[in-house]
Structures are given as C-alpha cells and as structure tokens.
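Note that the chains are named A, B and C in the order they appear, and that numbering of residues resets to 1 at the start of each chain.
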Amino acid sequence: MNKNLIYLILIVCGLAIAYIMVGGLFKNELKKTTKNPYEYDLGDINKIDPEMIKYKETKRIGLSFAEPKVVDYSSGYLAIGFENQLQMIDTSGREIFNKAVSGPITSLKLSKDNLIYLGCKNHIEKYNTNGDLIETWQEIDPSTYITSIALKDDYVFVANASGAVVLQYSLTGEILHSFDGKNRTDSKHGFIIPSPYFDLDVDSGGELWAANTGVQAIENYNLDGSLRAFWGASSYDLKGFIGCCNPAHFSILENDSFVTCEKGLVRIKIYLPSGELESVVATPDDFSANSIPPDLTSDEMNNIYILDISRKMIRKFERKETS
Amino acid sequence: MNRQFFKIVSIFSGLLISVITFAQQRFPRPDFESDYKSPSILVPEPRHGWMEYMDVFILFIVLSLATWFVLKKRSRKGVLYLSLFTLIYFGFYRNGCICSIGAIQNVTLALVDPMYAISLTALAFFMLPLLFALFAGRVFCGGACPLGAIQDLIIIKPIELPIGIRKALGVIPYLYLGLSILFAATKTDFIICRYDPFVGIFRMDASFNMLVLGGSFLIIGMFVGRPYCRFLCPYGVLLNWTSSVSKKHLTITPSECIDCKLCERSCPMDAINKPVTEPVSRKKDINRFVLSVIIIPILMLAGGYIVSKSHVYLSKVNRTVSLAELLITHPELKADPDHIDIQTFLASGKTMDSLVQEATVIREQFRIGGWILGAFFGLSFGIMFSKKTIYRNRTDYEPDKGNCVSCGRCMDFCPVGKEDFETLMKLKS
Amino acid sequence: MNDRKENKAKSRRDFLQSTARYTLAISIGGIGGLVASKSKTGDYLWQIDPFVCTQCGRCADECVLTPSAVKCFHAFDLCGYCDLCGGYFKPGVMDLNTGGENQLCPTAAIKRNFVEDPFFEYTIDEDLCIGCGKCVKGCSSFGNGSLHLQINQDLCVNCNQCAIARMCPSDAITRVPASNPYKVKGDFIKSNT
C-alpha cells in the first residue's frame, strides 16, 4: 500500500477523533434547544370555548403564611387553613385573627354561627372567631386522613379519605354513625378514594353530597348512608371529570349549583343541580402548570373564592354581567 | 436474564399511612370483590454483585499469568491468548466496564468528595496494574487491558512514525490525564468513560459519534500500533511512571544481546531503544541536567498560570456553570418552552442567585484546579526534557521500560536461545 | 578502571530506581488506603428518584443501551385502577377502549385488563417500554403517580458515569448503594426536603 495513502488515512482519522473528542467536550450542549420528543401533549383538551367562561377574576388577596391548604366562607368571613396556621380574614382581606396550631390542617369548615371546625389529619378541633380553641375531639385512629367537613342541622359529617368512609358526628364530638356508600345494591362499589381528595358539602335542602372521586361522580346520600342520587362522568370532555381522583374539591352555591375543581388539569366549572355543565369559572391557563388543585368556596352572591396554593393567594371570581 | 431471581418486594399498604404528609400518598388499594390480587412491583436484581469480586480475582490471575508469560515463559503466544481472553471477558462479556483506566476518576472523586465512597472493586482495578507495573512492567497493557487487546489484534501493517510526531503526540496523554482528573474532581464529568472509543464496540451498541471514534482508532490501529495506548491513554501515563522504575522487565533477549538487529523493526509501538554509542561526557551531562532541573519550577509556574487563566473556558464543560452562563447571557431563553434544561431549572424553584453562587464555587474550583493542573503539566514536561539530557551508553537493544507494553513480539524475533540459531552457532564454531 | 566507573554508575542508577520504586509503591498504597478507609464494601449503582424526575424524555435517548435501561415501573398500591387512566389514554380520547389510536404510550407497552366494575389493571411490558416517561407525566398529572421511571438494574450495565445522569436536567439520577438499588414509589417515603 502506498505510504502516502496510509498517511492520508491516518490524518483523516486523527482529525475525526480530535473533532469528536475536543469538539464534543467543549461544545455548549445547552445552547441548542432540544424539544422533548416524548412530550405529553394535552392537545385540544385545555382549549376551552371562551363562550363558556362566564366568570371573571375581580380580586386577589395575598396570603402571608406558609403552605395554604384549605379555605371556607361564611357570612362575610373567610377562614384559611395553612399547614400549621389558622387565619380568618374578611372579604376585603383584613385580618380578624391568626393562630398557630399544631396541625397539620387538612380540612376546615366555617359554620353559620361562626365556629371553625378544623380537620387536623386525624382529629377535629373547634375554634371560635377570636381564635380560641374551644374543644378538641378525640383522635379517630392514626391512619385517618380528614379531607372534608360538612354541617347539617345538628350533625357534623367528616370525610376520612384513607378509610373511604363518611363519619357522622354529633355537635359535641360523638361518632354516631359511619358509612362507606356500599350498603345498597345499586351502589355496589361505595366510595373509591384513590388519593387524599374526598370532599363533602350540604345543599340548601339539607342534602349531603360527596365527591366519589374514584368514579368521577358527585353523589347524594341519605343519613343512613344509602345512595339517593348521583351525577358525573369520566371523560376528557369539558362536561366530565378527568382521571382517577376528580372532582378534587367542590362546593354548593346558594342556588344549589355545584362549583367543582379538578386536579391534573385545573378546571373550575359550574354544574346545575341536575349535573348539567352550566359554565366555566377558571381555566387551566389561569393557574401555574402542575399546580395542586385549589380548594374553593362561595358566598351568598355566588361569588367563587379560590385558594391558589402555588401562588399563595385567594382569588375571587364573579359572574360576568350578562348582556 | 436472571429474571428468576426477581426479588419481590411486597408493600405493606396502610402500614405507612400514618406518615402521610405529602402530595404523593399511599392509600389503600380498592377493595376488589372478585378474587383479584394486585401484583407487587417487580424489582429485578442487579446483574453484578458477587461478579464484581470475581472480576478482581480474574484480573489478578490474568496479571499474574501475563507476568509469568513475559518474564519466565517468554512466550508471545501466551500473551496473545491471554489478551484474547481479556478481550472476550473484560471486553465483550463485561462490556468494558469496570476498567482500570476509568478507575482513575473514581479514585479522584473519592479523594475530593467526602460523600463519595469508592467501591473496593474500582480501587483494586486502579491499584493492581500499577503495583504489577512496579515489579514487572506494563504487563497489564499487554495481557489484561481489553482496550489494549483489541488494538493489539488489529495491527496489520505497522509503520514507524517519525520521532517528532511521536514525541508531540506523546504529550496528549498527560493533558488528557490532567483534564480528566480536573473534571472528575469538580464533579463535572468522567470524560475518560465518555470518550472510551471501544466501549461501544464491546456493547455492540453506540451512538454515531462513538462509532466514528472507535472506527477511527481501529483504522489508525492497523498502521500505527496501539494508537489509544500510546497517544491518549491517561492510565498509560501512570503505568509509564511506575514501569520506568520497575524491578524486573521484559527483555528482548534471554541472555546476551548479540546486536543482530533482527528485533529492530519488530516493535509496532516503537518502544525499542537502539544502542547508543555517543561518547559520554559526564561534565556536560551534569550541567545540562542541572539546568533542566532549574527550569522545572519555572515551567510549573508558567503552566499553572496559563491553565488557571483558561479556567473560565474549561469550566464551561460543567453543566451548572454553563447553564448559569447561558441564563445570564441569553435571558430571553427563559421564554423558550422547548428548552428543557432552562424550564426544569425555572420549575425547580431554585433562585437565579443560588445557581450563580453554585456556578461561582465550581468556577473557583476550576481556577485552583487549573493552577495544580498547569503545575503538573510543567513538571511532567520538565522531567521529560531533563531525561533527554541524560545520555546513556547503551550497547544492547533494550525495550523502553516506560513505553513498552509487554506484548512480547520482540522476544520472538531474538535468535538467541532458539534451536536453529544455536545449532548454526555450533556449526560455525 | 572504566569498568568500575561503569559499575558505580550502574549501582547508583539501581539505587535511584529502587528508591523511586518504593516511593511510588508507598504512595499508591497510601492513596489506596486513604480512599479505602471510607469505602464500604458495597458497590454503587445508578437510580432515579421518581420524586425529583420531571419526565423530560431524555432517559429514552441518552442511555448507552438501546432501548434504554430505564423502564416504567408500576406501584400497584398507589394505582386507582381507573377506567379513565391518564397514563394509558391520549388526552382527549372519546372512547375509553384499547384502540391503538387511543393509547398514549408510543410503543403500546402498557396493557389494560378489566378487573371488575369499575376497575382496570394496567401493567407494563418491559420489553416494549423505552423509558420515555410519557405515561408517567400523564399518570402524575391526572392520576396518583403510580407509574414512575426506574433504572432496571438487571439491564443497566452500570457505567462508571451514567450517561443519562449527566444530561438529566433535574439531577434525579444519583448513585445508590447496591444493597438498596431501587427507589420505587410506594416503597419508601419521600425525604422531608
């Protein structure tokens, strides 16, 4: 073989090695933007018809404590539960009181007579509007995870997500009864609660509603724990609820409509009492990406208060003027 | 593979519910009415484990055998078969990992990072070949290194490189060693492993660039003996040092060299020193040596100054530094939704200040490391030059103890002790 | 005379060489001892912390193996067994059936089996899984996050420096002790950080 040819081959290969090693090492890999070829593409499902959005944001109240968790409204006041702090403000944002609690707060209910029922993971604490602890109810059992409290007449309903049961308390803290939604033939699976989202509320007629997140439905139960009615559908469509644990939160308005909040794709929607989709309050675009589903509540005027957890603020949404 | 060894981890649901505080929580699985039982998560066991210790044992055996073949048995064939075994076992079977060359970085990291504990396997792979080199020369290169073996087997038509080119390229391993230690010590990257040219061949799976890299080395290797070992291998530098002062070493001839010149062209690695008959003038020699020793500190200072000056450039290899720099120079990229690194950083909640601080610390490490590295370069080159000044009267053909990889080719060329030659000699006399 | 000089030079050289040799031997031993003193006998392997992972998709492409040693693992205990699975279905599908056009996984590596009303079981075919993390994103957005990425230690060749770890934008891949080579979800609790 020709010696010059060999030298040529050697030089070419040597340059290739130098190019790959030196070039590769000192190349600024970060400069080139690389798109994820396996991007999870939401497609059209986060596009919501603007006609459907019938609410607008009118107020924001910044929060000053760490890790906001839950919110509730009653007669002009908002109670906000943080990880280890309870705060009460009026709707203008003026503080009534704040109090450090041992927590961890997982749910909260403000009664009409301005008592605060605080769900602290596995027990209930009761506070008055000065922030004084009135009583502490007995711990249920260590595994309990209280995600919601609802009041009806002389009863306190407590949702335990880890046991997938609703507990019925007397106002003095005695457990009277509990049910898992299974005791009737047409509700064979009962509550399916795959994650710590299990909300309760009571409508104007005194009916207890529970979000059965495992089947993406909102269900109405009798006091004895039998299923009366339900609505909801598992679907990517705007009309239904997506995924495994939705609706994460809901609240019943004065007109007995439901305002619901979904996790994953945070959508705040209004449903008529019949379960028909009425309108949209807030779209995923209104929230940061991957945000924790916000807790929400409503006032007498059917304004919606949303606790935006990642941005640490209360956001008030009012219905747009209808033309 | 060892799927029958799947360890089944059963998870005790409910047991840990009491510690729930986070968004990702364990909740009891649904109560299935049918007799469906949800499967447990399967975690296949690592392939290695005891095999790693086996590797150390095999390395020791191979090194011992190579020593025996080179020093006692004087058998090129033995070394050849041994390197074939190495290629198959350490190369293709063990996928070229773990290797002594890469272990330099593990040792470096273990020295600088108090959190990192080196595995004993890696440590043994680092130390054994060096210790063998101290007493028997680079038998590791000849028989126990899969990278050496693959190159040794493809030498087809070796050509002798001009000495100037050889000397110039011979500087690269020092640079490579220094840089790889700097990058390992700053936790930037393990560049020896990243640019291991043959690991892709061993795994039979490589990116295009790595394929070109490996291919280029193999093509060069057909005409230039062991190009990676001689002109890149950082571990070769350490072996060169230890082997230079080795107690015993491969010899071309079993007894007396008869200066027959038969072995002169036998070494494809150009590692045979020819007899030197220059007249020795001790006085001149010593003067030159003293002079060269004096300039070593100057070289070290100069090297340290130059490399530390370029620390900004070197530190760009570190991804933290490079990300911080990119965000400062191109803040508009924050709006690019497709830039994964920047978007991940922004979503992580880390502040720009903490990133810049982190990058500043790393860059400072590079500045200090640059001084050490530069001084190391100055020292190595100084020693290289001062060695040049010592002329040694050499009457025989000898392997260069530092550069010889103990492949044993030259031994076959030496007629001394061979049957035909002895008969011929007898007949002559 | 000349011979003696030569011999003297030779013995001096020998002396220098053996001094150097033993110095080197001691320093190698010293370095070895120093690093070995804090080394535990165990080895290290690479693993992903699923709570840090952001599913950027690089695990599929950056691994030195094809397909990647990173696979999707399913913590059945966390799974809601839902009909509408965010990890199985492409977002926005109309019909919840196993039609190929409905599946999110680019290699159809997730199998959906009916258990009982309303539950479905989802399992991963590891031979098909390429570790892209697309389903993990869907599952953690809409579901419970029971799907997560892990390095299958049976496949991983345990490179000295994991090629994915270098490219991981969230530094989710670290060395873990070989005695505890997995960070599967549902098997450990996130450290309080």
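Keep this in mind: a contact is a pair of C-beta atoms (placed from the backbone, for glycine too) under 8 Å apart; a residue touches a chain by one contact, two chains touch by 3 or more.
It should be emphasised that the depicted structure is a prediction, and the values quoted were computed from it without experimental measurement.
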Report the chain closest to the protein's overall CA mean, measuring from each chain's own CA mean. C
Between chain pairs A-C and B-C, which one is joined by a greater number of C-beta pairs in contact? B-C
What is the distance in Å between the mean C-alpha positions of subunit A and subunit B? 55
Could you put a whole-Å number on the gap between the CA centroids of subunit A and subunit C? 33
Chain centre separation in whole Å, for subunit C relative to subunit B (CA means): 24
Flagged in subunit B as touching 2+ other chains are 27, 30, 33, 319, 340-341, 347
Residues of subunit A engaged with two or more neighbouring chains: 29, 36, 188-189, 192, 194-195, 214, 290
Multi-chain touching residues of subunit C, meaning two or more other chains, are 56-58, 78-81, 144
Mind listing the subunit B positions that touch subunit A in their complex? 14, 17-18, 20-21, 23, 25, 27-28, 30, 33, 157, 159, 191, 195, 197, 209, 212-213, 216-217, 219-220, 223-224, 313, 316-317, 319, 322-323, 326, 333, 336, 338-342, 347
For the subunit C and subunit A complex, residues of the former touching the latter: 55-58, 60-61, 78-86, 89-94, 96, 104, 106, 117-118, 132-134, 137-138, 141-144, 167
Quick check: in the complex, which residue numbers of subunit B touch subunit C? 1-3, 9, 11, 13, 16, 19, 22, 24, 26-27, 29-30, 32-34, 36, 38-49, 52, 95, 97-98, 102-103, 105-107, 110-111, 114, 116-123, 126-127, 130-131, 134, 189-190, 193-194, 199-200, 203, 205-206, 241-242, 244-247, 319, 340-341, 343-345, 347-348
In the complex formed with subunit B, which residues of subunit C make contact? 17-18, 20-21, 24-25, 28-29, 31-32, 34-36, 38-45, 51, 54, 56-58, 64-66, 73-81, 115-116, 119, 121, 123, 140, 144-145, 150, 152-161, 163, 166, 169-170, 175, 178, 181-182, 184-187, 189-190
In the complex with subunit C, residue positions of subunit A that touch it: 29, 36-45, 188-189, 192, 194-195, 214-216, 234-237, 242-246, 263-265, 290
